[in-house]
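Next come the structures, one after another.
Next, two complexes with chain A in common: one pairs it with chain B, the other with chain C.
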Partner chain A sequence: MVNIRQRTAPQREKRLGTLSAWYGSISSLLREASEGELVQRIRTFAQETPSDLILGLELLATLRGVAIVVHGPAGCAAGLHQSQNPDLHWAVTQINERDSILGGDTKLRATIRQLYADHQPDAILIVSTPVVIINNDDIDSVVEELREELGIPLIPVFTDGFRSKVAATGYDVVSHALLKELLAHHATTHTTEHPSAESSNPHVTLLSVQESGTAIASLQALLAELDIASQPFPRYFDLHDGERITSARLSVTLDGGTADYAGHVLQEQLGQPYLNPPAPIGIAATRQWLTAIAELLGRQAAAAALIQQQEQQLASALQAATQVRGRKVFIHLAAGPAISLWHLAQEIGLEVVGIKVPFLDNSQIPALHDIARSQENLPILVGHGQAFEEIALLKSARPDLYISHGIDALPASRLGIATLPLDQLNILGFAGVRTLLQQIERRLNHAHLQRFLAEGENEPYSHGWLKKSAYWYIKQEVR
Partner chain B sequence: MSKKPQHIAIYGKGGIGKSTTTSNIAAALAEAGYRVVQIGCDPKSDSTVTLRGGNYLPTVLDSTRDGSKVRLEDISAVGFKGILCVEAGGPVPGVGCAGRGINAAITLLHELKLFEEFQPDFVLYDVLGDVVCGGFAVPIREGLTDRVYVVSSSDFMAIYAANNLFKAINKYAPSGGAKLGGIIANGLVAPYAKALIDDFAVQTGTRAIQYIPRSLVVSQSELYGQTVIEANPHSEHADLYRQLARTIADDTDAVIPKPLSVNDLRNWARKWGDLILQDEQIAAPNTAALTAA
Partner chain C sequence: MSSTHYADRNGCALHGVIKVLDAIQGVVPIVHANAGCSLNGRFSANTLNGAIGRHFRSPLEHGATTLFDKHVVFGGTARLREQIKNSVKVLQGDLYVVATGCVPEIIGDDLPAMVKEAREQRFPVLGITAPGFKGSAYAGYAASLKALLVGIDDLFPKEASEHNGKRVNLLGLVPEQDPFWEGDLLELEQILASVGLQSNRLLGQGQDVRSWKQARHADLSLVLSPWGHEAAAYLQSQHQVPTLDLGWLPVGSRDAGQLLEQLATRLELDEQQLDTAKRQLDGHQRYYLQKAATTWLSQDLQKRSVIVAPSATAVGLARFLAGTLGHPLPMVVITDDPEESRRDSLLHAIHEQSPSSQVLFSSSQQQIAELLYNAEPEFIFASHLEQPTARVLNIPLLEIATPVRQSLILQRNYAGIQGALSLVEDFSAAVLQANQGAARTPIANTGVDTQLLTSKIWQERRGRGTGSVADPDSPAALSPIAS
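Our next item is the complex of A and B:
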């Protein structure tokens, strides 16, 4: 369902059958999906729902060498205010009511010119917003006109905020826009075939949309030990690495599927092998991840030696981690990392008492079956936000530790549960196992803040609200 | 003492003669001594052209483009017998949102206190074609207009557009939107045309208030850049328009129409198709019988 000639990426729910609302045991989820397709649910009430625009901007803000123009009202660029990227230059066209009637192309043209004059970026990405999509503002002709005048790539990114129920569609939309540009450039500069498979120093693309810079760097270091160079895409993509993306020997996801879009496109368009192994979190998953790459590049022996060496080094750390054994954890991460972390929990003797994921794809069904074989009653909550649903689940699951990204840990903290926010940590690869072991121990022993918070009168929901079925709003769609 | 003007919206399929009809109604009302405002609600902004001798008139939205303060005299022109002409305007074809434009233009006219300043007896809104989106329904929403009239020929697509308008009226009327004054049957040629429109009116619980046959007088007046009232004041058509204007001024009855469903409309049209065919075959047109059918 991926067609790079299309204007933009299809909705994730159409492409991958993505499910964004569900609650129940893992086995009941899989019973419904016995035909290989997740059965859709809708939420009749949503406390908060991010859009493709928000996640798209968050991803774009990690790019190097580019500037961003958000074409829309000022508030639509709010996501960029929190960018940690000091080199990022961006502007918003700040269209008003008059522009929404007469068309905003004049402001778009002026904003692109101004941003270029001020910062001379290597490329400018033009991000569309709900207003200009509804109005059908003609971004393409402005891009066409100024591309010649400025002499740099101008790349439209058609996020719209409403087409998809799954915010991660924004990742696909960004990947689509970047690849369209890269492939067009590749087609004009490369008339011959791909670089030789015998190349002595192969390089691979690490497909990532959410991982931290340190986590990606750690995996790059691991691959470098096998003389494999690598570059991330689309997260932290540096425009100067464009040729390396199109000439890479393979592409591989870091998250077990969320960053899959570019892999499919590169495979279809350039015949570049695409790998989607489990997210390299934990010993077994990292082994699988590294082995899959090594096999395709003829480095099996070196990889096996490296894996053996790393596993030996970790063995003593695992044995020493007696304190964590038998403790209960709740995992709130994207599905790929959550599944790998469940396996890591088995490796170190933690009991997983619940999982929350923002969405699930059909492609994750086999990995869920692996989990269900050992823990068929594991509760799974699927959704973005909806803190009251999660609080209800946490109150019944009673975990000792809650593992998530920072902001998601708030409801658990208020309930007095020790939290482990992963934002700045490297949890990938063998090094990630070591980090996780240390952090889990540390967090279990240092939950003073959470205990303090739990003592306060700060329950965010009324007793009455929490007393009724928290999952009331998850409904089967009636057509 | 300030008087309350009657706000009248005139709709209909594109090319059906809305602007011609509206301008002639305006001219006839002005001739009868009323103070009239005509507001063209169409991005083409050619609604009032025959009332003002074809002179250039900046549109409301044009004048807001440069962001400067707009004055009433910048966006209006006085035409035939004192009719105040205004064109809402809109984006150039293919960009922006014309529906939102109408919304914004009418809001601006209210802000400029057009109706308090000019003190009209009648305000006529000549609205673009079909009700394609919420913006074009603005004149019939929120009590902005008192009555709506639809211009239609006996062609199916014109009837279809009228039926769509009825749906919009039906939707908005319960919350204070305008009601339907009736159908203005225009450009009638076929012998069955009048009967067909009458039947459609019966089916939808409304009425035809005037029948205007196709005429060279209308075409000729337009070529002169004038209304029929101005160019051919003694013609039969000028009298038809005067009669129409009187009906609109004096007969304020209005109803919430009962639009036909897509299937019912299709079946109704098919029935008429069959009747017209039969009528042709017996070579003796009997439109009275058709009406009863």
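Our next item is the complex of A and C:
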């Protein structure tokens, strides 16, 4: 499925049958899935969507001790301005028209050398962009040449902006690039010996591509109560921690599968168990997540006690959340978190009136069956961006609350719907349940700005379009 | 010295074009590029907020062809045809503008043919070729202005002027790349109104395709940066609209007054009205700077300052800070890489008010950091990219250039008189906050945070409700609760 010797990761749609365009009820989706693999679709009208390059850069910008060279025109690197990592040094080769014809390897070589001379990072990541991939710039030989000269890892990250319809392929490309380096290093330093598992507390790898530092820290704290140490990968990865990744007892996703790539590779290459439990959002999902890890490490009893204690503490908060009960929510998150959040909604008495996911891996289908059993008509929209399709759904579903990342919440705000942006919050683990309860109540009662924004005519879409069905421009691809 | 392009601040041509299109109401951009190109442009903008068009759109709501591997191999022209046809059906607009990025340029997509085809269907469609490798967002701005004016000439016959009185096109301020563009244009409109002139801002709230059609009828084009002259030259040659090429942004009443004088000469305005307007502008600024004077002197707000900004802002600020406030300006760094032929006039404009300033051209974060260390400033006017340097130098910085990360800019501005006063307010706030911060830094060698200390005292004090406090500056000592 995954071959680490390949130059880069395969497209997610090839690896996991990932859908990037779909609309209908959950039961119709499952019906199609039961008849064989889900059919890929395209849009004949589309709105802007992120690329593997954008998501890859966002992820790379969280690494510690590295510098980044974006090899391409200046604009390709702009996403790095969003980075909150104060220690990040990055440069762009600023490919111009001449370079786009004659090749930009001279600029690439000079930029890498300069970055090293100025900052002596632990490693330099060289990120490719559409122009240099189409022109077939020889990044490999520049890397080969300078690696020896500089004596630090130079890691090419082959993003390209067009190969995959699923931006999350960028996460796989980053994981692939880092693991290739780690495993090569591992092969030269650990030929036979394995660190003794008995010598210290077991440590595990938390596979993460999207979670915030605080969210990860809260799960690390939870695991620490079971004397389990942990480190994130690839998000917030520190190159000095390479050995901790290769010697970990297991790897586990935090998002129900988006970060699966490294888990598969570590399992295949090193025999490390890989776990993909539900994303730990809500009581039941957190219980399942923690139990799955504890079982593999022989910590069941301690985990059961911790879970019981945490659930007892939450019981009163759940009972007090009467205001929330019966309210309608729309969930717009990656599939793993969205599915867990649907279950949490059942736990606290919210009615989910629609789910939008940016993409849908085939591996999520089993988890959707659980939802369909109690809500077979739940509308599911698959699309990264593509608000034009969502508007019609929101207008008919009329949710009281829209739960998403902030950047995705604007169309709902425009309709006057209360929004809960999750960017600055930790919703993982037991602590996350309490946060969500408080926040849902607060957002429902304070949607004043959204209501103000909704007054007056401001819809960018034509009346003709708003009368059409949301799947109008979603077509099966003609090959 | 390093010339590597650390943390590029000037974006690419496609970004510049999209920023312009977003700032015209009723214009619908159709981005013809691979996925991510227009979103990336928004990421470089200030705290994610750009122009929003007539109908406010999220960064992900641009119509886009999002070209994938199949298109890269077989060409994206058919995909563009499909997207144009459907854009007209889905998105409300008066004018649809295709902006093409790097990939269609490399694979040779035929943009003119697609635009022609759409026009034959009577769709109001224009095309702008803007591959990112052809230049910065500033270059993209210049190219899009020209392309819009040419395209509008093609699409719409020249109708009668809708306005009486004299009217001036304002050209050169780049949406988002100049973070205060919208407020600056509004302020200039006010200043021009003081001598009875109407402004055609062309970009921002209330500016639409009609404003662009009317640009042909203006009495003058006023150019406010090195990036507006191409459009002005076109209007001059095609529609006999004369140009006043200032090349930078007037900040403060002196430069606003000088601008009015130049406009009065060119447009033969009433001299008495000009004198009255100049006096009022000057009086307004004087009143508020007098109001500032006590604080200015008691806190000693004269700072040895350095400016790092694109041409228009750098020159405008330098002239006001040196010429009116009397800040020593050892160095001005111009970041937008203007053409060689325009650099002398920028230098001249700075040296007129600040003869000893060293003026340099660079956009590299690393190079600028090195320059700043050597200039030994007490205050930095720059972008967020200079914050690490300011921290190392332990001096305050006011973010006045893209990227801005520490404030949300709506219509705040630094041009004209209101702008100059805002600049004084924001500059003072940065210094006063830094002074407060300095008073709060750990007491030498003890590692004790004085802020923490006073708040502890405060809590103890409230708990006890009595007793004396040694620190006379602590909130407890000043609070009536303590009595």
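Note that the second predicted complex is superposed on the first by the 466 of 479 C-alpha atoms of A that agree within 3 Å, B and C clash if a C-alpha of one lies under 4 Å from a C-alpha of the other, contacts with A are read in each partner's own complex, and residues count from 1 in each chain.
By our rule, a contact is a pair of C-beta atoms (placed from the backbone, for glycine too) under 8 Å apart; a residue touches a chain by one contact, two chains touch by 3 or more.
Here the structure is a predicted model, which means the values were calculated and not measured.
Should the superposition on chain A be reported as showing a clash between chain B and chain C, or a fit?
Once both complexes are aligned on chain A, chain B and chain C fit side by side.
Determine, under the contact definition given at the top, whether A:E97 touches first (chain B), second (chain C), both, or neither.
So A:E97 meets both chain B and chain C here.
If you count the residues of chain A that each partner touches, which comes out higher, chain B or chain C?
More residues of chain A are touched by C.
Looking at the overlay, what does A:N135 touch: chain B (first), chain C (second), both, or neither?
In the superposition, A:N135 contacts both chain B and chain C.
With chain A as the corner point, what is the angle to chain B and chain C based on their C-alpha centres after superposing, as a multiple of 10 degrees?
70
Looking at the overlay, does A:Q40 come into contact with chain B only (first), chain C only (second), both, or neither?
Neither: A:Q40 stays clear of chain B and chain C.
What is the contact status of A:D105 with respect to chain B (first) and chain C (second): first, second, both, or neither?
Touch partner of A:D105: chain B, not chain C.
Just to be sure I read the superposition right, which of the two partners does A:H81 touch: chain B = first, chain C = second, or both, or neither?
second
Closest pair of CA atoms, one in chain B and one in chain C, after superposing: how far apart in Å?
In the combined three-chain model, chain B comes within 7 Å of chain C at the C-alpha level.
For chain A, give the residues common to its interface with chain B and its interface with chain C.
Touching chain B and chain C on chain A: residues 97, 99-100, 134-135.
For chain A, which residues count as touching chain C in their complex?
44-51, 53-54, 73-82, 86, 89-97, 99-100, 110-111, 114-115, 117-118, 130-131, 134-135, 161-165, 167, 385-388, 407-408, 410-411, 414, 458-462, 464-465, 473
Going by the contact rule at the top, pick out the chain B residues touching chain A in the complex.
Touch list, chain B to chain A: 61, 64-65, 67, 90-92, 94-98, 100-101, 104.
Note which residues of chain C are touching chain A in the complex, please.
Residues of chain C touching chain A: 2-8, 10-15, 31, 34-41, 43-44, 48, 53-69, 71-72, 82-83, 86-87, 89-92, 102-103, 106-107, 131-137, 366, 384, 388, 403.
Which part of chain A faces chain B closely enough to touch in the complex?
Listed in rising order, the residues of chain A that touch chain B are 97-103, 105, 134-138.
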